[in-house]
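These are the structures, in structure tokens.
The following pair of complexes shares a single chain, subunit A, combined with subunit B in the former and subunit C in the latter.
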Partner chain A sequence: MIPYSSFSFFMILGILFVPVVVLGYKEKRSIVYNSLVHAVILLLAFASDIHQLVSFIVYIVWQVILVNWYAAYRKEKNEAGVFYAVVFLALVPLLVTKLLPVWNVSNIVGFLGISYLTFKTVQMIIDMRDGALKTVTVKEQLMFLLFSPTISSGPIDRFKRFQKDMETIPTREEYRLLLYKGINKIFLGFLYKFIIAYVINDRVIETPFIQAHTPLSTFIYMYAYSLYLFFDFAGYSAFAVGASYIMGVKTPENFNLPFLSKNMKDFWNRWHMSLSFWFRDYVYMRFVFWMMKNKWIQNRYTVSYFGYFLLFFLMGVWHGLELHYVAYGLYHAALMIGYDFFERKNKQWKIWKKNKGTEVLSVIITFHVICFGFLIFSGRLF
Partner chain B sequence: MGTMMKKIKTFFQLPYVCWTVKMSYYLLILLGLLMIYGFKTTNSSAFIYNEF
Partner chain C sequence: MEIRHTVLELLEEICQTDAVKENVDIELFDEGLLDSFGVVSLLMGIEEKLGIRVGISEVDREQWSTPNKIIAVLENLA
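Up next is the complex of A and B:
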């Protein structure tokens, strides 16, 4: 059973949450009961496929060993080679999962949510390398990795932020607000996923006219698919964030009105935020810092453009090794570099003046540019 | 115009109005779900981002 994909799942979730809510109102939290909730949800997600269940357990054991070994090692030493090796080993299961379909080998390694768990683990290793994370117990790591509301597709939380929520028990009033927000989010998820996304898919995308692959149908498909993708994923994220709130954890948001973005930088601060911020902090920033430190390229703008290229190329490849995902990544890299260049030059040339009219025009242009990106992403073009 | 907007804002901030609006929003969503799916369990496909 895929989390949040059926009403039966919500009924089970509702029943499981009753003691959580009662305890929340009493300003209490039961680690034992919450662990039981997580175990039931994880079993629902993985037990129907024995390969997935076995892969999931082996994967968790692997990552726990890696992180704990590195935490112990880091107290004594800090060799770059060891750090890169540990990051690579943490990435191996995900790399294998992505590569097996390319080699036409059946994927027995992968399981639902492997990417998101990998992002969490790599983040912990990098934070240890930087000294931002000193110690992690197995219990803390398991609580972070196995937090069931976000297990299948994020949002990708940060360990220290998550840990803070786990250590703080909300007051009655704080919990009442969290519960209210959580229920609101879950209803928003119903509206997005089960009503709007369903209607767009059923009444537009799946119609014979749109499936006909004429230029007009592709043009309409571009907008329909973009909206469908947003409502589908934002719906999922609303469920995940809502369920987290009910469990007393303020999981970060994934979306903030992305179709109202004024430019590409603004868009990546509003679309799949937990992923784009992860790539910004753990790929882009590190790359730029590393290049500047080694002084391989003197010009900071050139370094930044290489950083954008790397970030979006990896983001594209992460979706899959198919050509359309790679093209989607490169398309966004080109847009970000192009926009950054334009923004700098505009400060000197003042071609695009800031006023209400240009702001509205910027939103309209950005919307169409984004939709074209999603058309590439959909794989309909090639 | 400003006074009118202020009055409308104050009206929608009244606790019972807030409650009615919120309840209607929830009910409309439930009604929408009922219209689309009836009393069957959903046959919704997985989320797109589950694939990644």
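Up next is the complex of A and C:
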């Protein structure tokens, strides 16, 4: 059973949450009961396919061993080679999952949500390398990795942020607000995913007119698919965030009105935020820091552009190794570099002055540019 | 004092405006003065000039949102 995809899932979730809510109102939290909730949801998600369940368990054991070994090692030493090796080993299950389909081997390693779990583990290893994370117990790591509301598709939380929520139990008033917001988000999710996204898919995308590949139908499909993608994924994210809130965890948001973005930088601060912030913090910033420190490239803008290229190329490939995902990544890399260049030059040239008119125009242009990106992403073009 | 002075100098150079000195409570990220690239430059400057090493993952954008807050964080670390 895929989380948040059926009425029965929500029924089970609702029943499981009753004791959580009762305890929440009493300013209490039962780790034992919450663990049981996570276990039931994980079993629902994976038990229908024994391969997935086995892969999932092996994967978790693997990551726990890696993180704990590295935490112990880091107390004594801090060699770059060891760090890279550990990151690589943490990535191996994901790499194999992505590569097996390319080699036409049936996928026995993968399971639902593997890439999101990999983000969580790699993040912990990098934080340890930085010295930002010193000790982590197996229990803490398991609670972070196995937090079931976000298991299948994020949002990607940060260990230290998550840890803070785990250590504090909300007061009655705080919990009342969390519960209210959580339920609100879940109903917003129903509206987005099961009404709006469903209608767009059923009434537009799946119609014979759109399915026939004419230029006009592809043009309409581009906008329909973009809206569908947003409402479907934002709906899912609202469920995940809402369920987290009910369990007392303020999982970060994934979307902030992305279609009202004023430019490409603004867009990546509003679309799939937990993913783009992850790439910003753990790929782009690190790359820029490393390049500047070693002074391999003198020009700071060139360093930044290489950083953007790396970020979006990896983000594209992360979706899958198919050509259209790679193209999607490169498209956004080019846009980001182009926009950055324009923004800088505009400070001197002042062609694009800031006023109400240009602001509205910026939003309209950005919207169409984004939709074209999703058309590439959809795989309809190639 | 040294931390305050150095951080403000660095911010002025990175953000390319003396507004960061005039208003030490200015919201650096919200005002579009500081971005990820700026944060990296700032961290490099802090390490070079003050000898304080701050890892990228230690930068919490809420705790680093104004010049004053950044100075406070660094004074705690030093």
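Simple rule for what comes next: the second predicted complex is superposed on the first by the 382 of 382 C-alpha atoms of A that agree within 3 Å, B and C clash if a C-alpha of one lies under 4 Å from a C-alpha of the other, contacts with A are read in each partner's own complex, and residues count from 1 in each chain.
By definition in this document, contacts are C-beta pairs under 8 Å (C-beta built on N, C-alpha and C of every residue); 3 or more make two chains touch, one makes a residue touch a chain.
Predicted, not measured: the structure shown is a model, and the values here were computed from it.
Student: Name the contact category of A:R29: first (subunit B only), second (subunit C only), both, or neither.
Tutor: A:R29 sits against neither subunit B nor subunit C.
Student: Looking at the overlay, does A:K181 come into contact with subunit B only (first), subunit C only (second), both, or neither?
Tutor: Neither: A:K181 stays clear of subunit B and subunit C.
Student: Is A:M285 touching the first partner subunit B, the second partner subunit C, both, or neither of them?
Tutor: second
Student: Is A:K262 touching the first partner subunit B, the second partner subunit C, both, or neither of them?
Tutor: Touch partners of A:K262: none, neither subunit B nor subunit C.
Student: Given the touch rule stated above, what does A:K193 touch, subunit B (first), subunit C (second), both, or neither?
Tutor: first
Student: Taking the superposition on A as described, I'd like to know which of subunit B and subunit C A:H51 touches: first, second, both or neither.
Tutor: Neither: A:H51 stays clear of subunit B and subunit C.
Student: For subunit A, which side has the bigger count of touched residues, subunit B or subunit C?
Tutor: After superposition, B is the partner touching more of subunit A.
Student: Could you tell me if A:R380 is touching subunit B, subunit C, both of them or neither one (first, second, both, neither)?
Tutor: Neither partner.
Student: Identify the partner contact of A:D130: answer first if only subunit B is touched, second if only subunit C is, both if each is, neither if none is.
Tutor: So A:D130 only meets subunit C here.
Student: Give the list of subunit B residues in touch with subunit A in this complex.
Tutor: So the residues of subunit B in touch with subunit A come to 25-26, 29, 32-33, 36-37, 41-42, 44-52.
Student: With touch defined as at the start, can you tell me which subunit A residues reach subunit C in the complex?
Tutor: Interface residues on subunit A, with respect to subunit C: 123, 126-127, 129-133, 265, 280-282, 284-286, 288-289, 292-293, 300, 304, 307.
Student: Could you list, by residue number, the parts of subunit A that touch subunit B in their complex?
Tutor: The contact residues of subunit A facing subunit B are 2, 4-8, 112-113, 115, 152-154, 187, 190-191, 193-195, 198-199, 229, 232-233, 235-236, 318-320.
Student: Help me check something: in the complex, which residues belonging to subunit C touch subunit A?
Tutor: 35-37, 39-41, 43-44, 55-58
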